[in-house]
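Order of writing sets the labels: A, B, C and D. Residues in every chain begin at 1.
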Amino acid sequence: MTTEVFVQSLVSGLTQGCIYALIGLGFTIIFSVTGIINFAQGEFVMLGGMLSFFLAKSAGLSVFPALIISILIAMLIGAVLYLLAIRTARRASVVSLIIITIGAAIFIRGIAGELWGADTVAPPFFTGNGSLSVLGASIHVQALWIIGTTLAVSIVLHLLFSYTVIGKALKASAMNRTAAGLVGVNTKSMSLIAFTVAAALGALGGVVIAPLSLTSYNVGAMLGLKGFVAASIGGFRSHAVTILGGITLGVVEQVTVALNWGPFKSNYKEAIALVVLLLVLLIRSRRLFEEERAS
Amino acid sequence: MSSSILETKVLSKAFGGLTAVDKVDLSVEANKITSVIGPNGAGKTTLFNLIAGVYMPSGGEICFQGKPLGKAPPHKRAALGIARTFQNVLLFDNMTALENVMTGQHPRSRYGFFEAALRLPKAHREEETISLKARQYLNLVGLGVYADRNPLSLPLGQQKLLTIARALATEPRLLLLDEPGAGLNVLEKQGLSELIRRIREMGITVVLVEHDMDLVMGIAEWVIVLDSGQKIAEGTASQIQKNKRVIAAYLGDEEAIE
Amino acid sequence: MRKWFCLLLAMMILAAAIPLAGCSESESEEPYKIGALFAVTGGNAPLGEPEKQLVEMMEEEINANGGINGHPVDVIVYNYESDAAKCATFAEKLINEDKVVAIIGPTGTGDSLAIVDLAMNSQIPLISCAAGISIVTPTETNDKHWVFTTPQVSVMVVQRLYEHLLTKNITKIALLTDTLGFGKDGKTNLNGQKAAYGITVTADQTYGPNDVDMLTQLTLIKNSSPQAVVCWGTSPGPAIVARNMATLGMTNIPLYCSHGIAFQSFITAAGSSGNGVIFPCGKLPIVDYLPDSDPQKALLTKYRDDFNARYGNGTANTFGGHAYDSLNMVVTALKNAVDDTPEKINSSDDTLQAVRAKIRDYVENSINSSGFPETGGFPGTAGVFNMSETDHNGLPKSCLVMVKIVDGKWTPAE
Amino acid sequence: MLATFKRHWWSYLAMAAFLLFLILLPTQLLGEKTSILILIGLYSMVTVGLCLLMGYTGQVSLGQAAFFGTGAYLSAILSTRYDLDPWLAMLMAAVATGVFAYIIGYPIFRLRGNYLAMATLGLGIIVWILFKELSQYTGGPDGLGGIPNFSIGGFAFDNKLKRYFLIWSFAVCALLIAQNVVRSRTGRALKAIHGSEAAAMSVGINIAQLKVKIFVLGAVYASLAGSLYAHHLHHISPNSFDFMASVMVITMAAAGGLASIWGAVFGAATITYISQDALVELGKSQPKLAELDVVLYGLILMLVMIFLPKGLFVSLRDAFDSWRQRRARKGPVT
């Protein structure tokens, strides 16, 4: 494989990986605070992309207002999802919660399909359709936006969790829900915040990626899964590792394409993420087991 | 201590930094009621978990009836004849009281998947004996009338008795009781001591971890005192009551509490 | 808790009861019942949705113009959500419960294959909207006596593309196909036909449905220095490919796609990068360039204008057209070959069977130049059909044209 | 003793009534819906397998469709590509699937809760991808056709009614076996694992082994159902075994109230009816709602789980029991 191809695969992988990372962060935040895996997480990516497009198209908004509003709407939906579906299902089992969020995913996807049809749409680029080349590989300007956004998000999250009251409260309830409750953290509102933030992250990912990858009402599921892999690499605890995990996953996927070798030339590429998932889970299993023993 | 049923040799268990059980040598005499006491965090429950096989020791070994237990998992040790109850009860809330006790018969019944799936006579016969025995143990602890109740609908005292019945149903040689008295009223505690004596008379060795000194001193024929993971004393109830180190440990503990 | 429980129960009952209510609704006059199976949601939604829309539109139009021989027509459309199993269940439903005279659809090749045996066993005409030739190729277990299909079969599309490439002296091509059914099918045919046309494949890449970009694949392709890139897939893939080729500055290499991009949405999605893309397709996109002598022109123009008028500009596409052709065949058959009233048809299973047979025979024997001598065949959106006992597709290669996108408009490439 | 006997006596009566009902259904009551009734039978088998794992043992599996699929594909491939007798093909498929489940069972059941869920999900999707990619065997996305009927000697199961009885006899056996297992010491052990793994171990239950055993049983059930499915529809394609298929099975289990054998049948029936019939009919009579069927499906999923976490069937049964008890209290005490 030539350096050109290799570098190109790294660049594409990084771009793709950033999205996985953003989605993964959503999973991590919700899970660490509520102990719930939100199977509807991927749908927020779809919502972000579709909303931004249709706000720009129908309401004639320019890129950034559209971006803000679509994220706000997504956050609203995230909050509603928590309040109506998750909170009402008191002391529901893991299974129930899994099915509830899956139901929510199907529901959101269905509504989106109804509203916006099955066609693929291409929101406008943030700043033009340019691209610059590095070592013979090309990076689209939008890709820079994606990478930049991910960077910004990770910094903001870090600050949020380390220096703000809410952040600390979130952290606390992530470490130990009951304890956090005892020291006066309102875990319910923490869960609400977690869902809202996660929705925002997903939507943000959707908005920045859509101009490049294009989007349609049914892109959520697979992206969600990739995001989950990223999150599981991060053990649903560490934000940093989740981000790294996402990026690694993206890069690995692209590099296998670059290898241009037998199996990976086909759809088996899609399976890579899942194999990684299984490996990570099984490798971690002993530790997870101990954790549960301890608690 | 010739006829000891359980022995630990320099038994240790460390969790990361702290050593919960520290080079403990002890020997439990058969057909006696032995009590392990000690202030909170002395490592009593950890000791139980080591004996029951929930934790694997980080050092030393445990011998049951003269044979080292090695890395045998909990279910194997139950089959060997080590039964236990839990501080936090842990009854099966998805079964009736009777069925809870019936689960205890698991290691004593043989029929498997296929006999069960096809309802073969063997399965039938064994089921009969299982439920018969289960009822006996239920009656033994005086809960016969609650056979079809959901365990969680019973008051704590009876829940604790139920766990004892469940443990007895495994037909153990050694019964480990983890704070059976906690949360019981005076009357219930008397009943409990009675029950424990009766169990001993059935030829079952009883080891209990207990905070309630009156209960311990009332029934324990041998008392082992742990403090911060180490065995600081052992002897008969009266000997222990006079033991300086024990008193010190406890006073320290008392002060800490107040 | 209890009240929620009641609420939910009520909902369940509702879900169960409404259909019954629906059944009790009876039209003033009994209609001819035609069944339709489309993947309105799921993987094939972009194809299934317009098909369903077309059918709804056409049904209204027919009934507005007094129906078929004075009888209204009722097209029962089921959305099988791109699930072959559901497709089979609904097909049985159409045959045994709704007692339709013929089935049009399904949307996908696999889904069609899933019910061809059913069509044979229950002896009902099945006029598919999927492009896999295997649907109508007889097998030892199924002579496909009852099965027809109206799109230009994919192998023919590939041949048409290759012929065009040869006229442009292009013999070294790179393949970039999607990993879904459509792309895999294309890949198979592209590789299967290349030898016959003396075409060599320099690179054979695929892309997943969720790939953000195909830059890596395209870089590999670029390095294999082909004369042209052939991208086989449905949106969004090809649009991304077009954009990525621009990003990589591969403007000197022409991009050829499949009829899978014959959507307005491709042009909007690909933007300026879409210009210069060439693909084989039915005549619909370039209908305005057709000579008035062309037997399809009037029909295509009407189809496009009606569809756009109803569902918005640029929504008319070739896939809705396939549903149009399939339904049109059944309707024509009912018009010309069936004289029984719907009442009589529904009176007994024998009469129903008889009509199903009549329709099948008509489609096989009269949807061709003998039935429509003045147009040399049955004009449809996909082409002029000449069905025969041996050809249940009936489309000549000539019904495909090469379309080139120029300034965001479809224009003839030849 | 008396109580348990009473319960059993009731269930024998119920069983007889159920069998009679099963015979009447296609012949007298719902002949035109036979194909849906068949699906209900098949999904009941899969769902019961899952209930044993999820409801009784408390272990989640989001990949059950994978076993359904392997059963279907192995059976189909063996009987078409290698001209094996369908029965033999079905047997071999079941064995292979069981072994497969056994091999992956041990590592995967070191996981719990959400992690187990995701692992099984990943596994399910990997298998699904294999169905699509191993085109030379599976026919790729277009699927595999021309799958022969079952036949005993001269008698071929060549129409729906025959297959209905074939499939339901399998389903009923599966149900009975499951019920016997549940009422045995194994069943108690399963429940014990669900109740408290620590306590379960303390009474001598080998939880790791038992989890895998029941996982294998569920897989074999799914595999058999898959084979029957393949030889019933004669054509299979990957979409029928994707993630959503697994979700559907879970929904059926949940709707029936995970820890209930008969609930599984109820759940399978309800969900199959809603997704395969009711919503479609709804769309036919109310065209506006036609597109919304998927949305409604999602909505129903959420509502059932939110408001009836114990599932429709169990909730109904509980309601009925409490009503009976209230009446009993009023009545004379014997």
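We take it that a contact is a pair of C-beta atoms (placed from the backbone, for glycine too) under 8 Å apart; a residue touches a chain by one contact, two chains touch by 3 or more.
Everything numeric here is computed off the predicted structure, so don't read it as measured data.
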Taking each chain's centre as the mean of its CA atoms, which one is most distant from subunit B? C
Among all chains, which one's averaged Cα position is nearest the averaged Cα position of every protein chain shown? D
The chain pair with the larger count of contacting C-beta pairs, comparing B-D against C-D, is C-D
List the centre-to-centre spacing of subunit A and subunit B in whole Å, with centres computed as mean CA coordinates. 49
Mind checking the centre-to-centre distance between subunit B and subunit D? Centres are C-alpha means, answer in whole Å. 41
Rounded to the nearest Å, the gap between Cα centres of subunit C and subunit D is 35
Dist(centroid_CA(subunit B), centroid_CA(subunit C)) in Å evaluates to 72
If I count partner chains per residue in subunit B, which residues reach a count of at least 2? none
Where does subunit C touch two or more other chains at once, residue-wise? 41-42, 179
For subunit D, residue numbers touching 2 or more other chains are 132, 291, 294, 300, 306-307
Per the touch rule above, enumerate the chain pairs that touch, sorted by label. A-C, A-D, B-D, C-D
In their shared complex, subunit D is touched by residues of subunit A numbered 31, 35, 37, 85, 88-89, 91-100, 102-111, 113-114, 221, 225, 228, 232, 266-268, 270-271, 274-275, 277-278, 281-282, 284-286, 288-289, 292
With touch defined as at the start, can you tell me which subunit D residues reach subunit A in the complex? 54, 60, 62, 107-108, 110-115, 117-119, 121-123, 125-126, 129, 132-133, 243, 247, 250-251, 254, 258, 291-292, 294-295, 297-302, 305-307, 309
Residues of subunit D touching subunit C in the complex: 32-33, 35-36, 39, 132, 135, 140-143, 145-146, 160, 229, 233-237, 239-240, 270, 273-274, 276-287, 290-291, 293-294, 296, 300, 303-304, 306-308, 312, 315, 319
Flag every residue of subunit A that touches subunit C in the complex, lowest number first. 2, 4-5, 8-9, 11-12, 15-16, 19, 110, 113, 117-122, 129, 131, 137-138, 140, 143, 209, 212-216, 218-219, 222-223, 226, 254, 257-258, 260, 265-267, 269-270
Could you pull out which subunit B residues touch subunit D in their complex? 52-54, 73-76, 78-79, 83-84, 86, 90-95, 99, 102-107, 109, 111-113, 115-119, 123, 126-127, 130-131, 147-148, 166-167, 169-170
